[in-house]
Amino acid sequence: MLDQQNLIRAALREDIGHGDVTTLALVRADARCRVRLHAKQGGVASGMGVFRGVFDELDADVAEWSAMDDGARFAGGDTLVSFAGATRAVLSGERVALNFVQRLSGIATQTAAMAERVQGLPVRICDTRKTTPLLRALEKQAVLHGGGANHRFGLYDGVLIKENHIAAAGGVGEAVRRAARHAHHLMKIECEVTDLDEFDEAVAAGAQVILLDNMPLDAMREAVKRAKGSGVLLEASGNVTLERVRAIAETGVDIISAGSLTHSAPAIDLSLDISNA
Amino acid sequence: MLDQQNLIRAALREDIGHGDVTTLALVRADARCRVRLHAKQGGVASGMGVFRGVFDELDADVAEWSAMDDGARFAGGDTLVSFAGATRAVLSGERVALNFVQRLSGIATQTAAMAERVQGLPVRICDTRKTTPLLRALEKQAVLHGGGANHRFGLYDGVLIKENHIAAAGGVGEAVRRAARHAHHLMKIECEVTDLDEFDEAVAAGAQVILLDNMPLDAMREAVKRAKGSGVLLEASGNVTLERVRAIAETGVDIISAGSLTHSAPAIDLSLDISNA
Amino acid sequence: MLDQQNLIRAALREDIGHGDVTTLALVRADARCRVRLHAKQGGVASGMGVFRGVFDELDADVAEWSAMDDGARFAGGDTLVSFAGATRAVLSGERVALNFVQRLSGIATQTAAMAERVQGLPVRICDTRKTTPLLRALEKQAVLHGGGANHRFGLYDGVLIKENHIAAAGGVGEAVRRAARHAHHLMKIECEVTDLDEFDEAVAAGAQVILLDNMPLDAMREAVKRAKGSGVLLEASGNVTLERVRAIAETGVDIISAGSLTHSAPAIDLSLDISNA
Amino acid sequence: MLDQQNLIRAALREDIGHGDVTTLALVRADARCRVRLHAKQGGVASGMGVFRGVFDELDADVAEWSAMDDGARFAGGDTLVSFAGATRAVLSGERVALNFVQRLSGIATQTAAMAERVQGLPVRICDTRKTTPLLRALEKQAVLHGGGANHRFGLYDGVLIKENHIAAAGGVGEAVRRAARHAHHLMKIECEVTDLDEFDEAVAAGAQVILLDNMPLDAMREAVKRAKGSGVLLEASGNVTLERVRAIAETGVDIISAGSLTHSAPAIDLSLDISNA
Amino acid sequence: MLDQQNLIRAALREDIGHGDVTTLALVRADARCRVRLHAKQGGVASGMGVFRGVFDELDADVAEWSAMDDGARFAGGDTLVSFAGATRAVLSGERVALNFVQRLSGIATQTAAMAERVQGLPVRICDTRKTTPLLRALEKQAVLHGGGANHRFGLYDGVLIKENHIAAAGGVGEAVRRAARHAHHLMKIECEVTDLDEFDEAVAAGAQVILLDNMPLDAMREAVKRAKGSGVLLEASGNVTLERVRAIAETGVDIISAGSLTHSAPAIDLSLDISNA
Amino acid sequence: MLDQQNLIRAALREDIGHGDVTTLALVRADARCRVRLHAKQGGVASGMGVFRGVFDELDADVAEWSAMDDGARFAGGDTLVSFAGATRAVLSGERVALNFVQRLSGIATQTAAMAERVQGLPVRICDTRKTTPLLRALEKQAVLHGGGANHRFGLYDGVLIKENHIAAAGGVGEAVRRAARHAHHLMKIECEVTDLDEFDEAVAAGAQVILLDNMPLDAMREAVKRAKGSGVLLEASGNVTLERVRAIAETGVDIISAGSLTHSAPAIDLSLDISNA
């Protein structure tokens, strides 16, 4: 996370600009306060580091820091973080810090809910590239905090052949072979398919991971059967909801990926209590 | 929007990194395609410019561009954008372009829904600072596209005195006076209150805008009555839902602000169809 | 002032480039010295923080730091700052540090001279946007240190309708109304006028601040009379000199703004004495 | 000037921030206007390129561009530049463009005044490092436009040994020799002296340029006599005013350097006339 | 290669700084010339794009561009590129352009020499992370141009377990298992071994690629035999010279990686002929 | 070296990207280790500061640091650096740190070999601008560490007139005079010549340094004779090898410059031993 502090700095610049007019006018430079981040609903914590980084970036002179671990579960009313610091920095950083941690804890909580539904089954609940622009690293960590797993980080660290790639390459076999030639030897080749014929074609062509996109449950089961013993991994995607996820997992696929973990996790309601030190 | 292209560039760097392995392996450098962005559900368009900017940044050599205006309404199945361009750039930029436009259209759509509920009443539906870090300018534009209005952009272009500021300043009167001395003469002073006593105190102290936070409807009505003819503006916030928003508006407040416009608008389901040119 | 250290770094890069050839050749890496910044003429101090920041940026290992407060008055011969530090850093940073502090103290001094002329009158002496590119934040602080007040920081945090805007909008009334619709609800609308007819039109249209540009003193007095009790603020600009400023203030306007505070304040003559530690 | 456009961009960001509220509200996106930059007093032009660059940066779609050359003389009332462009960009860029060109033309004008006083004498009027932070390249060009010459650009492209360096090195001879060893072989060694004894010592030690700092005119004359035929260049500095500069030049020194060319040149009064296209 | 132009800009800033004194003094702004890049020795071309980019970055107004393809072989005396352009830009960019293209063609040439030695054998000649800081993307492309293949780009797109990792994890088995749990499902796990016992342990633990580091040829042959049919890939490294590479390849390993391709390829002697247009 | 830490950061970003997958999976966050950088061959040390900076940038919490001075000679087996630090940071930074220090020590070693050949003769062994893009400052320091001297740093801090400049200016005399007028008064003018006629012309025109490019030894000797007592410096370049350098030096030239010091110095074989703390 070499760049996390840069991200925080940019977010603070966006919000504070040439100065926090209200706080500079009303709060003395040497005032200090006690701060408590508490939950108004239950969830899973994520973003403790970026929350802290906001106040460090503003030179809040943080003391008596106490924070939950990322990944910890909390109930409504629980205290996630408490610390003492410079009041100006706390008031100027409050909104940005909350904007980060509410979103990230929302993702961790959403992921945990999904992961619970498949408890006991040997399946990974996985994120996608449907993340917020510039926040991908943080959001993918939130997925880990919620008990999920990460898919590739971007277009650069994994090969995933989709319909349009196949069309451009002129067929599944040719696509898989070209990808294997071009990619370095530590990468597996994943290929998206939409029915069992395409599945067979992709496996025959040497794909090591198959993405079953929006396939019916019985087709998934059949794919699992055909893949057995081959070492080929199966990933399911499309219409992955809390209601359907266990049924999908029970088909025997290895990975279930869901964009909803990141693109539509509701923010967790958190609040900052500030009192004079 | 001097910095929009920088934002796009950063988002593409995040996703593409040292290169889109799959596309470089499978798609010829000179291949071109036709692209159609279509809606899988109804909504209000926002982000057409940033969508286009993604492909320009990748030198997609875009031609035959046709796009809805930001703010236009669309139904499921409608085409929002169509164009022709270089296939490699289209495939490498697709996810980032969608990540932007789905989120922004989601915000515009959410805002429009809220704005419709108060149709005919002289009230502004307003955003807050609860936006995605680094995307504030785009998200605030999306609120405009949906028929809402913008609140201040950040801590630098408006004075809003909250509870903690009042505590630090030692009372409402002192807080409002100090803020007026410090702020430049084009800024109004807004003060948050939670009951009618605080309301009277803030108005007496010279606040020109009052934020009624989480107050009951009848207290809001009373505040409206007391403010009548004074030129003081009233803003309501707290628990603003589609269900409650009209009732709040009917109290006669001038502005209703809702963080949910930006922090929990669900992404609109949009999809890119790509076919050979 | 989130970005002050970036500014200092850029200024040092401009002056030092790949290295201070003379100092590296002649001064040992471990040499330390005592430094005294003293005044060769009287004035008002500004820029103490940026002066210090230059040496910190060069890792001067500053000790025994003692500095006047920004805003303090000094006479010729007075010591503004004294400290001990690494000689290489002191010699390499000297010119940049002086370039900042001489300019900023010049602005504070110029502002104080103007402010003194209107002592006892209820008027603000205000800066403009005629500042040095990239130094606006520092220069606007210098105006505060000299006893002046700030106008808006830029085009983003205040509405000021000028002649060309009015022409583009098709009249004063339309201009003011459009601005009020577009601007957020914490912004007042200021409109520039050049005679009393325009003044009446602007006030009638709802402008809350009127800029009287280059108007004769008796017209200003008349405008003050007409504005009385309306809550409308009056700002005077144009040909604001030390000689004329009190007469302008005595018309009863609320604000007098002068570009000369920043664009033509002569640098204060300051000098750095360096002796072996 | 690889970085001029970056400088312009930073200056525009400083002034425009998230948007020019007034112009966006009042001027239609497709409006165009005619622009004339005219002088309210006489002077020497500088900064035509950066003036243009401001409007290009804002995508003003400039047409019918006509501008004086940098270095041209103008009288009050003269037109320096005329062009047609997008009204929004013109109004949003106006202040920044003027801030640059008024300052730079002020420096060129100040330099020209100084250069005129020494007309006919074989002497260079030279700038110093007393420039505005981040504007050095532009300000040094303005000195050229006014008929002056440039001294070194920074601490990296020339050796100039000052009093404190000599003290640190333990004497003039040792200082000059160390500098010659350390500097690359294309650099001359300049040494500052304050009397004739130091002058002799520096020349004997091998200095190729001598800076006569604040020395009386007859001492300068004596130094010129002693340097004759040696190839050593003499530079005079300190208290260089329009009144004294010719007398200094008549001593026979090769170079006269004056910080006042850049640090206290008054801005030239220029104004932008904008009319509908 | 989203960032190639940024790299070029930084390299030009490093060399040109505030200006190319010699060229600005001696060459007229409107002069144009014809340019020919020719080889003084044979080799394989790489870096044609970055060579061109240097002159574009300097606005050389390049015309009549003709260049070899990257990967093409040339003999001493051959012309690699010819074009016409602005003389100032050509002279100011010459050195930087050559610094890039001589190094990159050196790498391509070195790689081609290695690849030729193993012609006819089913083995990949692969680069390593021993590249020049900040030039990795270009250098890895040069390896492709020379007929080699790329290993992972960095620590982020491939898992390679080395001795110290194993020690930290407490054994080969544990290391491989932990890596598989942590890495996303498109990554293979590679493990470095130094003898056949470690080889067996790593394979048993599930490693999909084995790096045989500095192992004797007969041990490599034995490893190949043991890996047969398992789908496990074998990579050999350590002391890979032109003399030994065929013998290593003949052991049957799949990949041979050599740091010398990038860290010690001698620059190819190329030269720019410039003549008046 | 204001920018050294930025360079390190960029190099680490290039290698680590979004994270070091292997190390994060296998090494505990609180693990510490002992590190020893040792030589596998003899040489001259350079880059100790940048080596350290890599681990500081990764917050390795370095302790018990002990390092050779830059410029120190070492034999195979010697320890250059030893320290204790956080294992994750050490493993993630190892490759980048080695990439820097192996290259820089290679340059210092190459330079020392050249410098030894001319021992006892009054000549400078000098670098050129044939350095690695973006590493010039470090590589030029490595030349100093090896006992060489630096030529100009770039096109901005020294005038060197080459053949193409002369052609553009229309002759040697005109070129030298124009350069002297344009350059500031601390710069000497150097002119490249290829035979004795050009030599005479350049000296007559006032050039203070002459670059004898690829001239035969006896022509160099003749040039030395002609320059005697004039103060003109002579630099020799072209085909400077370990074998020829002493013969060139014995002609009496003042400076010998060799691109091979930087562009083809082989990396020194160094290795990092890591053991548990």
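Per-chain residue numbering starts at 1, and chain names A, B, C, D, E and F are given in the order in which the chains are listed.
Just so it is clear, a contact is a pair of C-beta atoms (placed from the backbone, for glycine too) under 8 Å apart; a residue touches a chain by one contact, two chains touch by 3 or more.
Not measured: the values here are computed from a predicted model.
For subunit F, the chain with the farthest CA centroid is B.
Homomeric contact subunit B/subunit C is classed as same-residue, with over half of its interface positions used by both copies.
Remark: among chain pairs A-B and A-E, A-B carries the greater number of C-beta contacts.
Between the two copies, subunit D and subunit F, the Cα superposition rotates by 180°, quoted to the nearest 5. With every chain reduced to the mean of its CA atoms, the largest distance from subunit D is reached by A.
One inter-chain figure worth recording: subunit C and subunit D are separated by 23 Å, centre to centre, where each centre is the mean of the chain's CA atoms. Centre-to-centre separation between subunit D and subunit E, using Cα means, comes to 46 Å.
Contact with two or more other chains is made by residues 16-19, 136, 153-154, 156-160, 187 of subunit F.
Residues 9, 12-13, 16-19 of subunit A are the ones that touch subunit C when the two sit in their complex. By the touch criterion given at the top, residues 124, 126, 149-153, 156-160, 184-188, 190, 209, 231, 233, 235, 254-255 of subunit D touch subunit F in their complex.
Interface residues of subunit C, counted against subunit D in their complex, comprise 7, 10-11, 14-28, 31, 33, 87, 91-92, 95-96, 98-100, 102-103, 129-136, 153-162, 164-169, 175, 178-179, 181-183, 187, 263-264, 266-267, 274, 276. Touching subunit C in their complex are the following residues of subunit F: 1-3, 136-137, 153-154, 157.
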